[in-house]
Structure formats: structure tokens, C-alpha cells
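So, here come the structures, one by one.
The two complexes that follow have chain A in common; it is paired with chain B in the first and with chain C in the second.
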Partner chain A sequence: MGNKRYLNFQGYSFMMPALLAILFFTIVPVVYAFFMMFYKVDILSGARTFIGLDNFRKIFEDPKFWASFTNTFRYVLVVVPIQTMIAMALAALLNSKINFSRGFLMIMFIPTLTSSSAMTLIFMWLFNNNGLMANVIEQLFGTKVEFLTNPSLVLTVIMAMNIFSTVPHFMVVFLSGLQDIPESLYEAASLDGANSFKKFLHVTVPQLMPITFYVITMGLVGCFQIFDQAFILSGGTGGPQNSTLTFSLYIYQLAFTSNDMGRATALAFVLGTIIFAVTYIVNKLLKADEVNG
Partner chain B sequence: MIRMKKNNKKLKIIVYTLLIIYSIFTLAPFLWSILTSFKTTAEIAAGGTIFPESWSLKGYETVLASQLPTWVVNSLLVALLTTGINLIFNTMAGYALARIDFKGRHVLFSMLLALIMIPSQVTMIPLYIVVAKLGLVDTHWSIILTTMINIGYIFMMRQFFVNFPRDVEEAATMDGLSKMGTFFRIVLPNAKAAVATQAVFVFMGVWNEFMKPLLFISSPDKYMLTQGLNSLAKAYKTATQWDVIMAGALISIIPIFIIYIVLNKYFITSNDQTAGVK
Partner chain C sequence: MKKIAAFALATSLLLGVTACSSGDSTKTTVKDDTITLAVWGSSPAETKGLETTVKSFEKSTGKNVKIEVIQDNFQDALTARFAAKNAPDVFYMESFAAPKFIKSGVLADISNDVKNQDDFYQPLLNSFKDKEGKLYAVPKDYSTLALYVNTDLLEKAGYTMADVPSDWEGLLNFSKTLQGKLTKDQAAMVFDTSMARHMSSLIASGLDPVTAEGKADFTSSPKALDYLQSLIDGHKEGYLKNAKIDLGVDWAGAAFGTNKAVMMIEGNWVLSALKTDYPTVKYEALEAPTVNGNKETMTFTVGYAISKDSKHKKTATEFINYMTGDGQKQWSELSGTFPTRQSVADAMKLDEDKVLKAHIEGAKYGTVWSSGVNLPVISGAFDNQFLAALNGDKTVNDAMKAAEKEANDEIARQE
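Right, the complex of A and B next:
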């Protein structure tokens, strides 16, 4: 009995620092968020008035919300599939018993090391109106493309940037998964006369399913939260013409520019629900697919 | 047989070509930034050259004369301190969850699993209010304290300790060491690889973090490097002084790059450990 109490004491003293940090900086904010959603909060005066579901009504009537909604969904729909496929293909290439694979891996991993702010600045310079990409295109096709000031192109730059910097991370995740696939499966496929491409399609892809699962989930969660790149590229405005306004950027604007913390928290809650729902649905669909073969 | 070999060779050439193309594609933006950082502003504004006409250090001089060195020091101090605190607390918590049979252990574990699902945006604004109430706005403690533990790495350490040999600890306990003593003298030194992995990723996370500094810190002399870079870009962009901006961006990558070269194996192994956990 004494020993049991001793263990409880030990356990909680080991957990105490982590538990305190989680209590103050995660649980208290989460609980607080649940209340704030239903209030109009002014951070400057500290005034709070209960307004029920009014924050949510305002959000859904707001054209800026729908702009951020469309932008974020477009972004997720493009980035997640492309980055998953490129990462998987590169991992398969690196895993195909070649020399210098370690060297290739080291080079390819560099974008993942680079901070989002440095990466964004580098891409802003590449796609600037007198930057490299605009000049190359002008030389080749004779037309001047203005990537960063054209509302229909600027989100594409952010998509490219994100794919560029997250592919290496997921590539390494896939690579560790590839190393667990038994060699015998490939040998059996060879005996059946499968070529390399068929082997990739019929052995590698199905065997990697659990890893793909993880990569897609992490990709979804990360992409829905896109903030840094949009903020830096647009100088916090979400412009031109709201074309880089993402959910997170709009939450930030509501809270710290419009000073409407209640509505911002309500929007964050909407975003959380969307992330949760989409990840759940995608996982269900993928799992169903896996069962059907 | 000969045909197969020939095919194999062809395939190898395709594989190498693709990998080389992607490597060039990866390096190109960085090389272009390096070249830009050595050009003069006049050359950048005129455009049309790939290599600098005359290698100028003006960009680097301007950046080093700005507040950037202060931001580098700020980021280094905050990142090092945060990493140290994370290592001790995450590892202790992971160890307790794996190895100490205390009451409520399983409930705590599932609770942590649930908390990891909450996106940071939901807690961002209330967290700002908590930080403000604690009087931490515009101090580096706002970042250090709100980043002092990481549930993801608590899980990683738990997974690690589940497979950690028990006899080492038992011997230590027999020698009369307390649990805390055993942890710091025996367990921690034996968990080097997992701890190093954690260190590398926590450090990189803090070094590259953008949103928290943006929310919590407002005085330019207290800026973190990422935030400083953003303000640097704002100041020099309109005058097309991209040499200055690129010099700043490149300097910000150097520390992580050095750690990457030295501790390469921890960057690559880490991912399969976290993959199973998250």
C-alpha cells in the first residue's frame, strides 16, 4: 500500500511540470475559447457582452469569411494530393538501391530546414515582378506575368512554396516506411513478370497505405492552418483582393486588427471543426478503399 | 538475361536523372538567393544578369549594421533555453507515462492524445489573453513558457521508454538511488539518441516559429529572427534592395544548417519515430 502511494507520488512529480504547462497554456485557453465564442470581447477596454450565437451569424454573412473559406479549400485541395504524390515518388526513387542516396537525401531535405519566413522571402524574390521567374517567362514567351500582384496567381505561388518545403519532410517519412516492405513481395512480383512501374503500383503503393494515411492527415492539418506564408507575402493584409486571405490570417485580422476577439475565437472554432470533420471523412474514405482493395 | 540487365541500366539512368533534376530544382532558389545577396542594388534593379558583375558585400554590411545581430542573439537564447526545458520536462513526462505505474496514468495519456488534436488557432487568442494577464507580453518568457513542453515529444519519449531495458534502472534502484536520481543519472544518459532527436526538432521549431513572436512581441529590439526578417523585408522591398533581404534570409538559415550537417542522422531517423506516434 505504501509502495502504491509512493508510485503515485513519483508519477505525479515526474508529470507535474508538463501538467502545469498544459493546464495554463492549453486547457485554460481551450476553456476560455469556449466562453469567448459567445461574447463580444474588446481587448482594449476589457468589456465583455454576451451575444449568444451572434458571432457565428456574423461569420457566415461575411464575404471575407467566404473568401478565406474558398482560398483555404482551394489551397488544401491542390497542395495535399500533389505533395503526397511527389513525396512518395521521390522516396521510391531514393529507395531503389542507388549510389549517393544519402547525398541526394541531404540536399533534398534543405527546404524543410528553412524557416517559413526565409523561404517566403526567397520565393517572393523569385516570383517578384522583376524577379527570375517573371524574366524567364518574358524571355521565353514574350509576356510579362506578374505573379505577386495578380489575384488569380498569387495563391499559386504560396501553393508551390508549401509543396516545395513540405515534400522533403514527408519524403523521409515515406522512406522509413519503404524500408519495412519485405523484399519477398518484390521478388514474387518479378516472377509474375511485373516491371518496375507495375511493382511500384501493385506492391509499393498498397504496402505504404498506413504511411500515406499519416502523411495525408498531417498534410490536411498543416494546410488548413496555413498562415506564415500568406501573412508575410501580403504584409498581413491577405491581398491583393483577398486572394491570399486564409482562415488563420483572417482569424488574426479579426483579433488583432479589428479587435473583435470573440468573433475571431468563433472563427477559430469553425476552423477546428472543419479540420476535424475533413480529416475524419478523408480517413474514413481511405480506410474503406483499403478494405475494398 | 542480357535484356533484363540492359533494362536495369536504362532504369537506373532514369532514376538518377530524376533525382538530379529534383536536386537542382531544390538548390536553385537557394543558389539564386546567394547570387542575389552578392549583387549591388543597382544591378538587381536593372536585372538581366545571373552572376554578380562585381561581388559586393553591401547587402551583408547593411544587414549586419541593422538590428539583425540582436535578433540572432534573441532567437539563439530563446531557442536554447526552450530546448533545454523541453528536453527535461518532455522526457520526464514520457518516462512517467511509460514506466511509473501511478493512478490515472491511462486517463492522462488519453487526455493528452485528445489535446494534440486541437489546432493552435483555437487556443491562439485565449493564449494571448493568458500571456497578457501574466504580464508576459513583449517579453521572451512569453515564447519560452508557452513552448516549454510539447505533447508530441512526450509521446515520442513514452514510445521510446516502453522499449527501454528495465534491468538498468532496477540495478540503480538496488544501489539506493531515488527515482529522480535514477532518472537523471541512469535513464537520461542512456536515452541519448531519442533526446538528441527531440533537441534538434524543438530547436528548429522555435528558431523557425513565426506566429508566436508576431503575437507576443512588439519591440523591435526584442524581435525573434523570423519576425525581424519580415520587418527587414518590409523596409527594403520597396527600394528593390533584395541583396539586403536575401543576405538576411541566408544568415537566418546558417545556424540550422550547421546543426543539420553535424547532427544529420538525428534529422533523418527522427521522423520514423514521430510517424508512429502522432
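Right, the complex of A and C next:
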């Protein structure tokens, strides 16, 4: 018994640095936020008054909240499936024995290494009304497409940007999963007369399920929290017409521009709940527990 | 097992507490006459001006000033510092953001500490006062907007400075004809879409976007809507272009400096960039155009404020008095900014320089970019919705109605 206690103590003391970091930088802020969301908080002076659930009433009445809600969901629904599929397809392609696959891998990984702010500035340069994309489209089709000022297109630019920059990362994750699939499964499929597309569909995809679940979850969480691209592209305003206003950007605006920390934490709680719920549903749908054994 | 976990937790808490308190004790050992000054990163000239003037202050008083440069999103970083109860002693304060800080009660009342207040340009000083007239920051410099003309491009198009009209309507017509002689990636005039640049024009059109009750009003004056419509028409026909959206450069100064724009209405902050980054561009400056026959321009001012919880209030007060008093001439000369004291402005003879004169004249009638605690909400709603009008999604009238509602709803939620 004494020995066990000693072992426990040893274990905890080894974990102490990590536990401390988690306690102070995750648990304490979460608990504090949970407490703040029932107050009206002036972030500058720290003065607060209890207002119960009024912050939530304000949030649900706010058209900006619903704008950020729609934007973020649209963003997630487009980006997550596309980035997962492209990453998987590219990984399968690179895993087959094509020449220079290492070189391709290196080049394709560059977007992930580029900082998202630099990437945003490059995309803003490409897509501005007199930029490369707008001019090419104008020369080919004769119509002027204004990517950055048209509210229905500007989010698409951010989507493209995010897919472009996250696909390589997830591709590498898939690639490592692919290398774990035993060759014998493919041999057996070949004996049964499957062509390479069928092999991909019936061997690769199911075998990759645990990895896919990881990629989708990380993609979901990342997409729900999208902030920097929208912040830089709109200069922090979420415009034009709230079309780049995402949850995180709105939380930031509430805290720092509106000086209303209570409402910001309440919205952060709403976002947390949404991410939790969506991840749970995806978990159930993909039956990740069973796949992971 | 549980006990051990509890013990671990307790130890960690204890460690955390001691860590915090030891952090505090090191802080109080900082010498009593050292103050921290938070500023934003700016041009090399301003940085040098600040460092030199601070050194003169240190020399004449024997006190120390630690300059902290916050590179990006200054207001947000400052807000976070206040939230963490770790505010700098003295910091830059924009007139636009001042009412929010004053309302929160985190700034020290310096009404009786600033010397010779009558010498300041009063509109600048007033933008840092609360409703009872108490002063919370002292203006260090200011900028106004003026019309810059690239004379090389103008002459190439066959015009001279005498052809440039001094009223807004004339300027638009002139831009329209001028645009016909330029290439597609050049603009007769670059314009800005934010309310910060247009509030004085709106006021000159009979519309104060911030009502006496601090609510938003964008629709009560048809003349103001006409003014906004003129921007939209100009953008549609291509003789008004936005530097970022249409030309793909960071800001108007870069468009002007790279010969992509013949005219721009900008503040005197472009001067240092024109001097160092684009030394070959030839230009002249005129006063900002009149709108509906009224002289108008925007005035932007920044002041020094002292944190209410500062432990070094005496030194801090001494410092801001020096920077806006004895040291102001040195600061203004080195940084190229405009002095906020009339006596200093007279001594520097700024109005003898043709370009600077256009700006200095503007200070007499300029609208200071500050209008109560709700201005950030109101201008945010304007900026958001005006873009909708600009790209043709909404008519000006609808967009401004939407902006008004958006702002007023949000103001109600914040009360």
C-alpha cells in the first residue's frame, strides 16, 4: 500500500508541470469565465454587476450574433468536408509509388508553414478588385468580380485560404495512417478483383476511419474558432455587412471594442457548447469509439 | 489516492500563490522615480523624437522613463493591461477612445495639474474632458486632413494646380475628367470608406451622426445622403478608388507614392512616408475641399493620460507637463507633428511652409474625431453598412437606415 502511494506521488509529481499549466491557463480561466457570464463586466475598471441570464438574452436578440452564427456554420459545413476529402485523396496519391513524392510533399507542405497572417495578406493581394484573380477573370469572362467587397464572396475567399493552408497538414496525418495499413489487405482485394478505385473506397477509407475522425474533429474545432483570417481581412470589423463576422471575432469585438466582458464570456460559453455538441454528434455518426476499439 | 490528488492540488495552488506574491515584491522594488510610458510603434522620425525628448526630460529632472512600445492594436493591448491591473503609468490616448476610458474611471483627473491650459488649442483639449469639464489627458500633437496632389501626374494629364477646384462637387467633376486621361490601374483620387474621414463632411451637410443623447443618426439630412451617394457614384465610375480594395496597396500614401493616384485627402502623417519611402514624388497640398460651401476637415489628436492607480503620479504629472510644455517644441520639430500649444506653433512658424499651412489652417475649423462614449459603436456600424452601399447591395438610404438601427440597438444593449 505504502509503495503504491509512493508510486502515485511520484506519478503526480512528474505530471506537476503540465498539471500546473493546465490548472492556471485552462481550468481557472474556464471557471472564471463561467462566473463572469452572469455579470455585466467593465473590462477596464473590472467593475461588475450581477445581471443573471441577461447576457444570453442580449446575445440571442442580437442580429450580429445570428450573422456570426450563420457565417461560422456555413464556413464549417464547406471547409471541413472539402479539406478532409482533398487531404485524403492527396495522401493516397502520394502514397502510391509516384516519382519525386518526397519533393511534392515538401512543396505542398509550404502553405501550412506559412503564417496565417502572411497568407491572408497574400490572398488579399491576389483577390483585391484590381488583383491577379479579378483581372484574370475579367479578361477571360469579361465580368468584374469583386471578391473582397462582395459580402457573398468574401467568406469564400477565407474558405479557400483555409483549405489551402490546412490540407497539407492533414494530408501528412493521413499519409502516416496510410503507411500503417497492411499490404495484405490490398493483396486480398486484388485477388477478389477490385480495381484501384474500389480498393481506395473499400480498403483505404474504412481503414483510415480513426485518422479521419481525428482530422474531422480537429478541422471542426479549428473552423469554429476561425479568427485571424477574418480579423485581418476585415480590419477587425467583420465587414462588409458582417459577412466575415465569425464567433471568435465577435467575442473579441464584444470584449475589447464594446468593453463588455460579460457578454463576451457568455458568447464564448455558447461557442464552447456548440463545438462540444457538434463534436459529440460527429463522434456518434462516425462510430469513432468502435473503430478505435 | 484522492488524498494525494488533493495534496498535489494544494501544493500547486500554494506554489502559484507564492509565485504571484514574489512577482509583486519585485515590482515594488522599481525605483520610485521611474515611470513606464506605453506608446504605439510609429515612424522612425516619431520614435527618434520621442526618445530624444524623453532623454531631455530625464536630464532636466533626474527621473527615469521606461518606454514600452506596443506594436499592434494599441487600444486592445492597453485594455488588456488595465484588465490585468497592470496598466502603464503614462500612455498615449486617442481622442476617439478617450470617452470610454474616462467613463470606466481608470484615468487620473489632471484638471488641476496641467499648466497653462489656455495656451492649448481648445477643441483638442476639450476632446479629453468629461461632461463636468474635468480633464483626463493632455493633447501632445494633432493631425488634420488636406488634399494632396501629385503634380507630375497632374501636369502629364495637361492640368496645373490652378485647375484643382476647392469644393467637393467641383473636385468630383474634375476627377471625372481627369480619370479619362489615366490608365486603368490609376485613380484620379483615392478615398477612404470609414466614418473617421467623413464625419466633418457629414456635419457640413447638416448631419451630426452622434445625437445629443449619444445615439446614431445617419438619415435625417438628405444632403448628407447626397454626399455619401457622390462617393458611391465616383467609385462606380472609377474616378474614386479605394487604396486597399481597388488598388491592392496598404494605404493611400503608398498609392500616391507609387504614382497610382493623382489626388488623396490624407493627414500630415503621410509626409514622413513621402519623404523617406517615395522621395521622387512631386506634390503640393491644398486645404480639404469645402462641402456645401462649408470649410471642413477632420482633426485627429492624441494625448498623454495617467493611470488612476499609478504609484508615481507626481513624476507622471511632471512628465506630461514637460512633454506638452517645455519639451513640445523639441518633440514637434523632430517628429514632424503639429504642436498643440499656440505659443509653440507661433514659435515654429509652421504656416510658412506651403504644405504644412494647408494642415494648420484646417485646425481652425476641423472636427475633432471624438464624440462621446458611443462613437466607436456608431462608426463601426457606419463602416460596416457603408461598404454595402458602396458595392451596390443596398441603396444609400437603406444602408444608412440599417447602420442607424444596428448602432442604436447595440447602444441599448450596452446600457
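Criterion: the second predicted complex is superposed on the first by the 266 of 293 C-alpha atoms of A that agree within 3 Å, B and C clash if a C-alpha of one lies under 4 Å from a C-alpha of the other, contacts with A are read in each partner's own complex, and residues count from 1 in each chain.
In this text, a residue touches a chain if its C-beta (ideal position, glycine included) is under 8 Å from a C-beta of that chain, and two chains touch if they have at least 3 such contacts.
What you are looking at is a predicted structure, and each value in this text was computed from that prediction instead of being measured.
J.: Does the chain A-based superposition show chain B and chain C clashing or fitting?
T.: They clash: once the shared chain is superposed, the two partners overlap in space.
J.: Classify the contacts of A:V221 with the two partner chains as first (chain B alone), second (chain C alone), both, or neither.
T.: first
J.: Touch test for A:N8: chain B only (first), chain C only (second), both, or neither?
T.: both
J.: Touching A:F24 in the superposition: chain B (first), chain C (second), both, neither?
T.: both
J.: Pick one for A:S176: touches chain B only (first), chain C only (second), both, or neither.
T.: first
J.: With both complexes overlaid on chain A, does A:N150 touch chain B (first), chain C (second), both or neither?
T.: The second partner, chain C, only.
J.: Quick one: is A:S117 in contact with chain B, with chain C, with both, or with neither? Answer first, second, both or neither.
T.: It touches chain B, and chain C stays clear.
J.: Considering only the touch criterion stated at the top, classify A:I232 as touching first (chain B), second (chain C), both, or neither.
T.: The answer is first: A:I232 touches chain B but not chain C.
J.: Between chain B and chain C, pick out the one touching the greater number of residues of chain A.
T.: B
J.: Quick one: is A:K199 in contact with chain B, with chain C, with both, or with neither? Answer first, second, both or neither.
T.: neither
J.: Tell me which partner A:N242 touches in the superposition: chain B (first), chain C (second), both or neither.
T.: The answer is second: A:N242 touches chain C but not chain B.
J.: Using the superposition on A, tell me which residues of chain A are in contact with chain B and, in the other complex, with chain C.
T.: 8, 12-13, 19, 24, 43, 124-125, 128, 130, 256, 261
J.: Tell me, which parts of chain C touch chain A in their complex?
T.: 1, 4-5, 8-9, 11-12, 15-16, 73, 75-76, 79-80, 82-83, 85, 100-101, 104-106, 184-185, 244-248, 376-377, 380, 383-385, 387-388, 390-391, 393, 406, 409-410, 413-414
J.: Within the complex, which stretch of chain B touches chain A?
T.: Touch residues, chain B against chain A: 7, 11-12, 15-16, 18-19, 22-23, 26-27, 29-30, 32-33, 36, 45, 47-48, 88-90, 92-93, 95-97, 100-103, 105, 108, 112, 115, 117-130, 132, 145-146, 148-149, 151, 154, 179-180, 183, 204, 207-208, 210-211, 214-215, 225-227, 229-230, 233-234, 237, 240, 242, 245-246, 248-250, 252-253, 256-257, 260, 264, 267-268, 271-272, 275, 278.
J.: State the interface residues of chain A toward chain B in the complex, per the touch definition above.
T.: 4, 7-8, 10-15, 17-19, 21-22, 24-30, 32-33, 36, 43, 90, 93-94, 96, 98, 104-111, 113-118, 121-126, 128, 130, 132, 135, 164, 168-169, 172-173, 176-177, 195-196, 211, 214, 218, 221, 224-225, 227-228, 231-232, 235, 247-248, 251, 255-256, 261, 264-265, 268-269, 271-272, 275-276
J.: For chain A, which residues are in contact with chain C within the complex?
T.: 5, 8-9, 12-13, 16, 19-20, 23-24, 42-47, 58, 61-64, 124-125, 128-131, 146, 148-151, 236-242, 256-261, 263
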